[in-house]
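Next up: some structures, all given as structure tokens.
Two complexes follow with subunit A in common, the first pairing it with subunit B and the second with subunit C.
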Partner chain A sequence: MKNKEKPTVVWFQAITCNGNTHSLLSANSNRLELFFDSFNLIYHPSLTIDKSLDDILNSNSKIDFLLVEGSISNNKKFFQISNNSTYNHLTKLIKKATYVISVGSCASFGGIHAMFKEHVGVKSVKEYFDKTLLKHQIINLGGCPVHPEWLLQTMFLLKDYGRIALDNEGRPKELYSSLVHHGCTRNEYFEWKVEGEFGTKEGCLFYDQGCRGPMTHGSCNKILWNDVSSKTRAGMPCVGCTEPTFPRDDMLNTKKNIGIPFEVPLGIPKRAYLSITGVAKTFKIDRLNKKLMD
Partner chain B sequence: MKTVDIVERIEGEAKLNCTWENGLISDARIDFLNFRGFEYILENKSPLDALIYTPRICGICGQAHLKATVDALENVYENIGEKLEITPKAKLLREIGLNIEIIDSHIKWFYMFILPDIVKLETEDLGIYEPIKGKRWLEATKVASETIKSLAIIGGQWPHTSYMIPGGVMSDPTLLELTTMSNYLDGTIKFFENSISGVSIDKYLSFSKYENIEDLRGDLKYFSDLSLKYELTKYGKSYSQFISLGENTIFKKGRFKNKLINGIDYTKIVESEKNTFTIEDDNSEDKHTWAKSVLYKDEFYESGPLSRAMISNNKFIRSIYTKYEDSIYTRVFARINEVALLLIETKKLISKIDISQESFLEPKIDLKKLDGVYGESAIEATRGSLFHKVSINEGKIFSYNIITPSVWNLGPKYNNKFGVAQNAIIGAPSIDISKLILRSFDVCSVCTTH
Partner chain C sequence: MENALKLFSQKGFYNTTIPDIAKAMKMSVGNMYNYFSSKEELAKYAIKYSTNILALELREINNMEISSKEKVSIFVNKYLENVQKSPEVIEYFLRVYLSNREVFKQGCEGFLCVGEFVTEVMILLDTGAQNKEFREQEFFPAFAMIMGCLGGFAFLSGEKVLDKDLLEYSDAVADNIYRALKYEE
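For the complex of A and B:
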């Protein structure tokens, strides 16, 4: 394929920690290479070498895919790139773009950077530009950072089909309709209410460690991270980073009221959940109370 | 004459303002114009939430922030006389995770952030080193992502895992997983041998004198030849004063000022906002960057791999330093040298893990029950020494102070003394060289200002 036939991609970095960039670089390398082969990444502030952001801003060329990493602000006091606010740059870029993808939770929902109260005006791409006359809806790829494969899959799908089904939060349904809980290797412990602890392979992290798996949309446990693992598989509770509510308070602790979790798995009436829990707890399953390797 | 230039292709962005006299830079100001307010964001949060927040200061050195946070929170326990017991296994798993991140970062930095610019001095055709397309560039990306898998096995993912916690670590690897981790690092060693150094890693690690550079092949030799040709051995010199605040299996803590001085007194570290923007609107003309100035006993010190090599007495790097001082050349060499050291050391650390030990021992006291306490920590991160200090009032974070490695190197003037990188840039004959000097510090603007 010749270069000019490939869709052009511009990666704009706004208020970010660069985590999404490093997430992409940590993608499966065959997949990443296929991405470089199939798309024409004309600008990324840390990867490409031919063009500067100013070159892109001043050019009239269309951008097929505009990827935005980081939250947006119109306030130059706290944040500016190439002598301007991220909002002003994005206003220019978005006009040239066919698809706009918010990469990661900051671009999608404001994320951690919107927690800095003194910096008024830190928002998601959608909050600033939803009213812009775009041909396609802005796509939110929540996740702090985004899973690299989710980004690649979204890009390839749009390239081949030109459309993607989105949920109420603007996230691709195919990636965000299931919960992080799906595919977690601790599910059996969840079912039989066997509580976990930090530093063990056994037990479910929902009861004490604050795991948000049953309330968080994302395919972390179906499409593994770095090809090898996921937070809950390794022993870290899900902190719900794909949701607009991230970050929350007291993330490594399960909020409870007289021993009952404040929040129960999505879509399950609290009462029903509690009666099932009661029943499940009456079973004492030896296998689940032993070390896996014993 | 004055020039202003925006520097991209570092982590983030910086603005370089140079004043020229007779074709040489006579004054250089480095502006970091982005501030994300992490220290403010952390106020009033549950202490353990810091484990989720601080890794997100930086997408490339998040494990360093995580380790610094865990150490600072454990120091809180120490300060109230309730020192936690941490098993050797947990300690090892933390050090291993951080080491892997440093290896990943150094490889990316060499191939993405500095080598293309050095090759450009020679030819416009970057060939195998061309970003996105070049064979070696792609290989380097591949090896970085393979390396980081090793960390993902114990962290669940990278970037942004918080698998360390006061009392130990959250994960509990099996022998099989440890073997797999080691296997991934074997792949990286192969890359080091075949592409970076062109010699076996054992042979590389036996190098102790400058002349050994002649034994090198591979990209390091290519870098070395180009550097000599374009005099990168001459540029980038600053104070030749080095500091290393953290300590682990391979790095020692201390200072170098004409000679080696062991030990560090953290109370001698002073951060100044004299030339730094503040969130209040009283920003005078002197203020031009969000980076602060940080000094030890009122003096500027360089932090990073070169400092670590000087303080831990690495013979090979010392011999290069003796010849070319703290030039671009020496600085780049020191960073790549660490890749070999860390690879071998990290494999050793993996082999030392006794999986029968506990990963985590729960602290008896909840941090949320504490009032009027504080803790601090210093560790060696990819770009140098990272310092965290946390204080807790009524169970919530009252204040959190972070001094990142890049603040040591990239901060502005203090009392008419130039900051380390500023000082290194003065005397440069062109913008290209001054950018290379800046890059030689492995600039991370996100960390610099956090």
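For the complex of A and C:
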């Protein structure tokens, strides 16, 4: 990790549960190795590394990639690291950085910590630092936690090409332009309105279990977790963790009016959705109502 | 098309022949076959045609900026007006579509031929529930409450057992439907 050619990376942890760190460490081992071979991670509070946060703060060296995990607060009484608020630390760090990447939902959108009204001043990185002059605007990698591969792809893309296209929420389009619904193995059940249950292989989790796949941007079902699975593949509804609206109340329940979903898939007018699904629901397709395996 | 509906609902599906219909539609039998390959096809087209009349009316009502209670009341009124003015439209549904399911089994499965109308009923219910005017319940009981009630009234009218003019019942029917759907604290 001492190679000067490699871009330097600082991982700053603010108000967080550590989930994104765990996620990174669970990355495909070849890819993680490639990451450590290609970047110089000079600071991470959970890893054994020579430097302390103070060393980084007091040094004049530039940081190529500043990765932020967790939401930010300017209130020292509420949360502090080394006798200072996360906001003050980040103000210093951001000035040194070329790229700032918010890793996970808390850093990107405030996440669960910003949800409570008592948590005044707990915000996302972008809410505090949007006006900061950076070479690149702050990149939001929504996800609770973020998929390790999304972080790695973003880093490699910036390292090699210096830029990345972002959507309106500051998320890389490459990773967040399609919906979690894409690539879900339950699509056929969705089409024919066959309801599913938690943990089973059959049925769609949109109708009762609150699946947000059709309204959530992310590639969970295209870039699989641990290379093999995803929430919906395993029978757990998508909870929409990549969106600024996460977390919502009552996430495992589909809000309905008279049996009609309150929200319909993104970009489809409700009347059109109802007219198609109303027809589809009246079909009984034996194959889809049977167990895949007895 | 109304003439075809009339014939079907008066004589029944099986007793109506293509020449009868061609005659009623002032067409030659040959020309008739240019449009519909069989009596079954014509019957399917007719059900789409008749329910689309209702769908369009209900869509207009759904697009109005009024309470759901008022929507129910206007819709019931329009429906009963249809029963009175063009009984063939409703009778076709009751006497042909509902009683000859085998004819519609292929190509009109489920809601396929009546989808537009069912969609409008869904929108009516959905909007009402979203505005907390209707209570939360399952779709089919709510749907059957509206349509069963209206169908029943059309039947009573067709059987000529009602002692008053059909439209005089409009408010009472609408009120019953509204009460069955209404939001409860």
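The rule we apply is simple: the second predicted complex is superposed on the first by the 289 of 294 C-alpha atoms of A that agree within 3 Å, B and C clash if a C-alpha of one lies under 4 Å from a C-alpha of the other, contacts with A are read in each partner's own complex, and residues count from 1 in each chain.
Note that in this section a residue touches a chain if its C-beta (ideal position, glycine included) is under 8 Å from a C-beta of that chain, and two chains touch if they have at least 3 such contacts.
Model, not experiment: these values are computed from the prediction.
Within the superposed three-chain model, A:V279 lies in touch with subunit C and out of touch with subunit B [touch as defined at top]. When the two complexes are overlaid on their common chain A, residue A:P145 makes contact with subunit B while staying clear of subunit C.
Among subunit B and subunit C, the chain that touches a larger number of residues in subunit A is B. When the two structures are aligned on the shared chain, A:N257 is found in touch with subunit C, with no touch to subunit B.
Of the two partner chains placed around the shared chain by superposition, subunit C is the only one that A:R271 touches, whereas subunit B remains out of contact. Legend: residue contacts after superposition of the two complexes on their common chain; A:K231 is shown touching subunit B, with no touch to subunit C.
Once the two complexes are laid over each other on the shared chain, residue contacts for A:T48 go to subunit B alone; subunit C is not touched. In the overlay built on the shared chain, the residue A:I223 is in contact with neither subunit B nor subunit C.
Residues 13, 15-23, 25-29, 32-33, 36, 41, 45-49, 52-54, 77-83, 112-113, 115-119, 144-145, 197-201, 220, 225-236, 239, 241, 247, 249-253, 293 of subunit A are the ones touching subunit B in the complex. Contact residues of subunit A toward subunit C in the complex are 256-260, 262, 270-271, 274-275, 278-279, 281-283.
Note for the complex: subunit C touches subunit A at residues 109-112, 115-116, 118-119, 122-123, 125-126, 128-130, 134, 136-140, 142. Of all residues in subunit B, only 6, 8-13, 33-38, 40-41, 45-46, 48-49, 51-53, 56-60, 62, 90, 108, 112-113, 116, 126, 130-133, 138, 141-142, 144-146, 148-149, 152-163, 165, 167-172, 174, 180, 277, 279, 358-360, 362, 446 touch subunit A in the complex they form.
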